[in-house]
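Listed below are the structures to be examined.
In what comes next, chain A is part of two complexes: it sits with chain B in the first one and with chain C in the second one.
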Partner chain A sequence: MSLSLDATQLDRYSRHIIMDEIGPEGQAALLDGRVLVVGAGGLGAPVIQYLAAAGVGTIGVVDDDTVERSNLQRQVIHADSDVGIPKVESAAAFVADLNPDITVETYETRLSKANAADIIPEYDLVVDASDNFPTRYLVNDVCRLAEIPVSHGAIYRFEGQVTTLVPEGPCYRCLFPEPPEPGTVPDCATTGVLGVLPGTVGCLQATEAVKLLLDTGEPLVGTMLCYDAMDLSVERVPYRARDDCPICGTDPIDSIAGIEYSGGCQVEDVGSDRAASQ
Partner chain B sequence: MHWKLFADLAEVAGDREVDVDVEADAPTVDDALSALLDAYPALEPRVLTDAGKLEPHLNLLKNGEQIGEPGLSTPVDEGDELALFPPVSGG
Partner chain C sequence: MNVTVDVVGEGAREVTVDDGATYADLVEAVDRSPQEVSVLVDGSPVPEDQPVETDHVQVLRLIKGG
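Presenting the complex of A and B:
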């Protein structure tokens, strides 16, 4: 843990430090925190922005995209002058400008079966701000096997889903064992998305990430929060760990080697009877 | 019976909140689902597999609690709220 906060940090984080729930120890924990943000798009932008402002000392950012003008309606860390450059580069520059305390570790790549097990264990927790099912199931599976918590958020037009996956709670597959067949649920590029929506959902994810680093409050474990911007309603759907969950059930897999993440993300061909019955 | 539909299911149906009449004497979730699909036939290919089972990636809730495929025989009352929600992946 960082030994002490310097005068500039005491000033910068003073509104944290004066709260009993955080204090100088909590701020030091944030500065020592290592968070991986998967995706620097609509959700990743507010997550990176608020984690950096809050003083989360090391932020990893994985994204293989470049900034497009159509991103700027919602991806608030990227600017018009960033169009064409890698999102991880734009994100790192944004953070450097906001808070010199933060180290940004950039991965200009797509998180994959080949690299996830190398990247993810370097971090205390992962914020899933990705934009596709294969990456979401990969994050869930790798993080669960490595016992790393995930702050999960996903959006669709005017709706958001937020939940927090911790090693002692149910995983994403307990709620949704497998994704829909590719093409069943349309993506943002096809359906559009309310620009403010990922701001709301990403801020909830950042809130969960900060709480986990501080070890304070009640994380959103075993509950899927469904947010609807149209009527500003929030529905909390409880879900339980499933004994037959292939990732966290009573007979879990010990490797993601048999999972094919490009299609339906089914857990199969892992040499177990239970997996064959999925 | 009251149904709530989330994400693309609401779009397919054209409604987010749906009331359906269920004729059965001792209605179950399955009866309520059939009534929903009768009222909104466009939902059927999105909600049922080719074999006529509930799509495994959909969550079926009764009064906010998961019931899923094994729970289709769960009894329902007029005042119950049922919901169908899919995972979403946008970011």
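Presenting the complex of A and C:
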């Protein structure tokens, strides 16, 4: 870790450095930090924005979409002039304009079984800002096998969910063993989503990411924080690690080779036994 | 039997079901589809085709949007 912050950095990050919980050592840790953001959409936009502003030195961005005008009601790092260009390109340009300290590593692709094990281990932690179940289960599984923490967030209409998955805590499958059948849970394009909602939820995810890099505070482990924008209520739902979880239980898998992420994300061989034993 | 079904974000409801009712029956009694939620007992999910063996559950919606 380099503690040699230059004069510009001392100025830029002065509101961090002045705090005992961060200080120059904490800021240096952020500058040395490497965070992968999966998805540069509603959740990814505020995550990328705040991680870059906070001085997280390397931000990886994975997304295979291009900016659409219907994104701009909530995806605050993309602008009208970005419509039609890859989101990773727009994200990188936004960050370059905001903070020249930051290196953005772009992956204009969908995170997949074929590439996840190559991309994810290059980072200290992952922020799951994806918009589909196969990616969410893939992120959980690969990160757990690689012992990399995940800041998880999801949104639906006026509701948001946030939790933090660390190697010593329960994983996403401990709470949601398998995704619903494809097509049974609607997406934002079908149901709509409050434009500011991903801002709130993404900022909570970014908060967890910064805390993990600083190794300070209490991460949201074993708790699903459920936010309702309609009445600004927050409910905390505790959940536990399961011994029979195929990813982090007492007899975990050692590879994702047997999981088909384009379908139900079931873990081959142990899936039926596990369901029967729950 | 009477079961308290706590639908996260909506509050708790008392549901009366027959002996032998499944967790899926509880979910449907609070107007949810078993496909879209996880039923939690003491912080762990239970299979929705299994008979109810508790007097309190939480129902948590599974969402994917980003």
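Just so we're on the same page, the second predicted complex is superposed on the first by the 267 of 278 C-alpha atoms of A that agree within 3 Å, B and C clash if a C-alpha of one lies under 4 Å from a C-alpha of the other, contacts with A are read in each partner's own complex, and residues count from 1 in each chain.
What we mean here is this: a contact is a pair of C-beta atoms (placed from the backbone, for glycine too) under 8 Å apart; a residue touches a chain by one contact, two chains touch by 3 or more.
Since we're looking at a predicted model, the values are computed, not measured.
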Chain B versus chain C as contact partner of A:51, first or second or both or neither: neither
Contacts of A:248 with chain B and chain C, given as first, second, both or neither: neither
Chain B versus chain C as contact partner of A:176, first or second or both or neither: both
First, second, both or neither for A:36, with chain B first and chain C second: neither
Doubly contacted residues of chain A, that is, touched by chain B and again by chain C: 39, 41-44, 128-133, 136, 153-156, 159, 161, 175-177, 179-180, 184-185, 187-188, 193, 198, 226, 235, 237-240
Chain C partner contacts - residues on chain A that touch it in the complex: 39, 41-44, 128-133, 136, 153-156, 159, 161, 174-177, 179-181, 184-185, 187-188, 193, 198, 222, 224, 226, 228, 233, 235, 237-240, 242, 275-276, 278
Residue numbers on chain B that touch chain A, as the complex places them: 6-8, 11, 46, 55-57, 59, 61, 64-66, 83, 85-91
Contacting residues of chain C [partner chain A, same complex]: 8-9, 33, 35-36, 38, 40, 42-47, 50, 58, 60-66
Residue ranges of chain A touching chain B (in the complex, touch as defined): 39, 41-44, 128-133, 136, 153-157, 159-161, 175-180, 184-188, 191, 193, 198, 226, 235-240
